[in-house]
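Presented below is the structure to which this report refers.
Chain nomenclature is as follows: A, B, C and D, assigned in order of appearance, with residue numbering initiated at 1 for each chain independently.
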């Protein structure tokens, strides 16, 4: 009997979390080795929904690429498209109208709020508070309606195009957005009551999944996850694009680097996004919604890189052009892939339940990891 | 025979006498067993089906959505449809599973919850067995359910199930203490373990009012600990969906899964009944000493309605727990029990004993 | 006469279950199955107590043995054993020794049972209520149990201290 | 002593935070019938109106004379990133003896469409438009291929030209 016990003590308990698992938010496979409930190592296995988007882009014109970057991180579709459009525009040296910049910035921030709301939903659900899931989805609905009214799409909008927008915003757009700001300011207080202040939630996230600033920088953990560790990485602040240079907003930073810090960064970012929208929404200038572009865009030969702050971190587009109508090579720097690489460091030595909380606080979107 | 909705004693006595007149004592015993068995079984199924529906509707309203509304008006036949679906589903057998234990486990869980119903007083005279150790019996019997969960987790030959079973074992074994101690606090106040005596003692005021602060503390602790013992959220670590997919019943399908499901809801019902009986006076109407008119009005409401109403309120509180809070981690769960509930509980028993000794209770 | 018949039927049922599951417990080669059969033995014993109206004893039997000890046994099996694990076959020598020991035990109890002169009880079956049990537990006079009660609590305290010491020794 | 104070204050703060959360869910339980935003989809089909911009499917509007604007120039087919449009055209010789393409079938495979809107945006003669239909599910794949132009439809003659 003693031998059996010895044997079992030395064994590591290997569990496959995923590819089908409620808390991996998609088809991510995590191979955990456990001792008791303590996680000894996490090995993410990606690629279950790899679609070869970067390769597909090499056979598409620059206008057509937009509909693929939508489908990377589908929760920040607008923001991904913004990066591609800006890369093409800077390559061509086009100055886009002010109106387009305003609308793009507002849309980006709305997409960020919607994305953070869905993160809040799934965060609550991963921690076992199912009610949070439905409140978040309910409050995301008006944003999707705003999107649908102007762009025609709810999740995948394909709204931006190199040189401007596909179509102008709906006349009711401003009124709806202003109503929504008032509505959501009220609801976010409820979020705090339900989850942020909850003692169980606090204990489950505080001190869990620590990531120091140095580790965040070395793994390239950006976005709210990086800022939770004190890594100043907000592209909107440090490399302003769109209208971000002209609006006032804070870069939310927290120094703790645990799951709770990442949670609070996202909660505060939602409020900050509301502020940004509020500053812009009344001042949208009149004008064209697009620049007249040639039907076939040929980028001059060279290499172009554009980065934006997506909802989950820094999203970058690298375009290498040989002067043809198709890009020679496209590389997409997706935030989730780098964020996921830090999972092992965060989860080492924690419990399984903590791993779920850490995963929820990283907020990964699998299509963005696999591309 | 007169059928009196306020007192079932004469009714049950009439059944007994007419049976005795017709046949010999041995067969009377067998027939009565059969009648009670069938009655409780029917009640069990009804309550189970209704609770599943109620939970869906309640949680839907808490989550600001509509809930089941397709099968029948307001979706009331949804659970029946689900039951039919589960009955028709294939029973999946797991490779290398211990088939005997795998099959036995759901029955152990459901039998444990079934046994406890026998001791619950539903109304005056409507009481299957009135043990003089009633509370002790309920605690004892409900501790059997965990064996089924442990067996289910181990015999499915699945790692998620095993972890779920381990968690459940640690959880139930430690929370049984708090359930027991908080009930003992009330036994000290009542001076009896017999459930009928306890109910009768609350004729002039429920224990939660007459027992001062210790009774309230005991009630709160009982609610928390019994939520944990029934494996319901926020203590549903054994079946933590986001961590262990479904915990100990991951590998179960069809009607065997339905057994686990039904047993969970019945355990909730039993816990709520015990709480209603011990703390809120069971089927006893709400009386305020001195207000004669008010008391007679209250007496008009049949005891069975009182009992169901109180149980429903407590079940609602349990649902409110489940649908509001995030799940605890296993170490927090044990911290809560051993650092908070148990010391407070022990202190509470002493306090209650002191109050009873000094004769401060009404 | 028929009331006695009913009792006999129940008694035979319970004792048959006890005998059957006891044999299964010692012959099963899977450790968890053995523990489960042990559970049924203990529950049938509790059933016998209920039949004799010893409700307190029966409830204690269920809580302590079925709900407590069997749970602990199963729990430790879960921690230490794997589902594929089976006991080795018992060597013939040990088997014979065991059968002899069990046989002599049966012979001893059977001779005692058969030679003892049972007097049929003619009083009503009494049901001991909680007050009596509580008073005799804390009674230091004749038929009082206060000394064993306290000694057991010291034993339990020692067990708890030992458990704490073992648990504190090292952390994973 | 400080430990004891922390013990109790922690406990009470925890309980208060839990009660706050229960307050939120409890409030919604009692106000839910009024505040529910869920739409009862199959029941509200008659009153359901999508936004004008809603991208349900690509359609080809026809006027009352069963005439459309498509000149079979194939620009939509070229611009489609997924190859979900196929234009079948026939060459006709008009009265003046000029050869011209005329639309035979505008095949649109909705199963491959990703609703990017490039076909509609790039169409030089505005022959395509978004339709509001969104109930696209079919039992077989070949039903996804739709012919956008009606049977026997003709090219709309531009006023003032010719």
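Quick note on the criterion: a residue touches a chain if its C-beta (ideal position, glycine included) is under 8 Å from a C-beta of that chain, and two chains touch if they have at least 3 such contacts.
Computed from a prediction, not measured in an experiment: that's the story for all the values here.
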Where each step is a move between two chains that touch, what is the least number of such steps from chain A to chain D?
1
Per Cα centroids, the chain farthest from chain B
D
Cα centroid separation, chain A vs chain B, in Å, comes to 45
Distance between the centres, which are taken as Cα means, of chain C and chain B, whole angstrom
27
So what's the Cα centroid distance for chain B and chain D, whole Å?
51
Mean-CA-position distance for chain D and chain C (Å)
71
Specify, in ascending order, the residues of chain A that touch 2 or more different other chains.
131, 138, 194-195, 198, 200
Which positions in chain C touch two or more other chains at once?
79
Which residues does chain B have that touch at least 2 chains other than itself?
62-65, 323-325
So in the complex, the part of chain D that touches chain B is made up of which residues?
11, 18, 21-22, 24-26, 28-29, 32-33, 35-38, 40
Tell me, which parts of chain A touch chain B in their complex?
13, 15, 21-23, 37, 124-131, 133-135, 138, 194-195, 198, 200-201, 203-204, 351-354, 356
Can you name the residues of chain B that touch chain D in the complex?
58, 60-66, 69, 320-321, 323-325, 340
Quick one: in the complex, what on chain B touches chain C?
24-27, 29-30, 96-98, 100-101, 104, 131-133, 136-137, 139-141, 143-144, 146-147, 150-151, 153-155, 157, 162, 165-166, 169, 173, 176, 192-194
Applying the document's contact rule, which stretches of chain A touch chain D when the two form their complex?
60-61, 63-64, 66-68, 70-71, 131, 138, 141, 145, 148-153, 156, 158, 161, 166-167, 170, 190, 193-195, 197-200, 202, 295
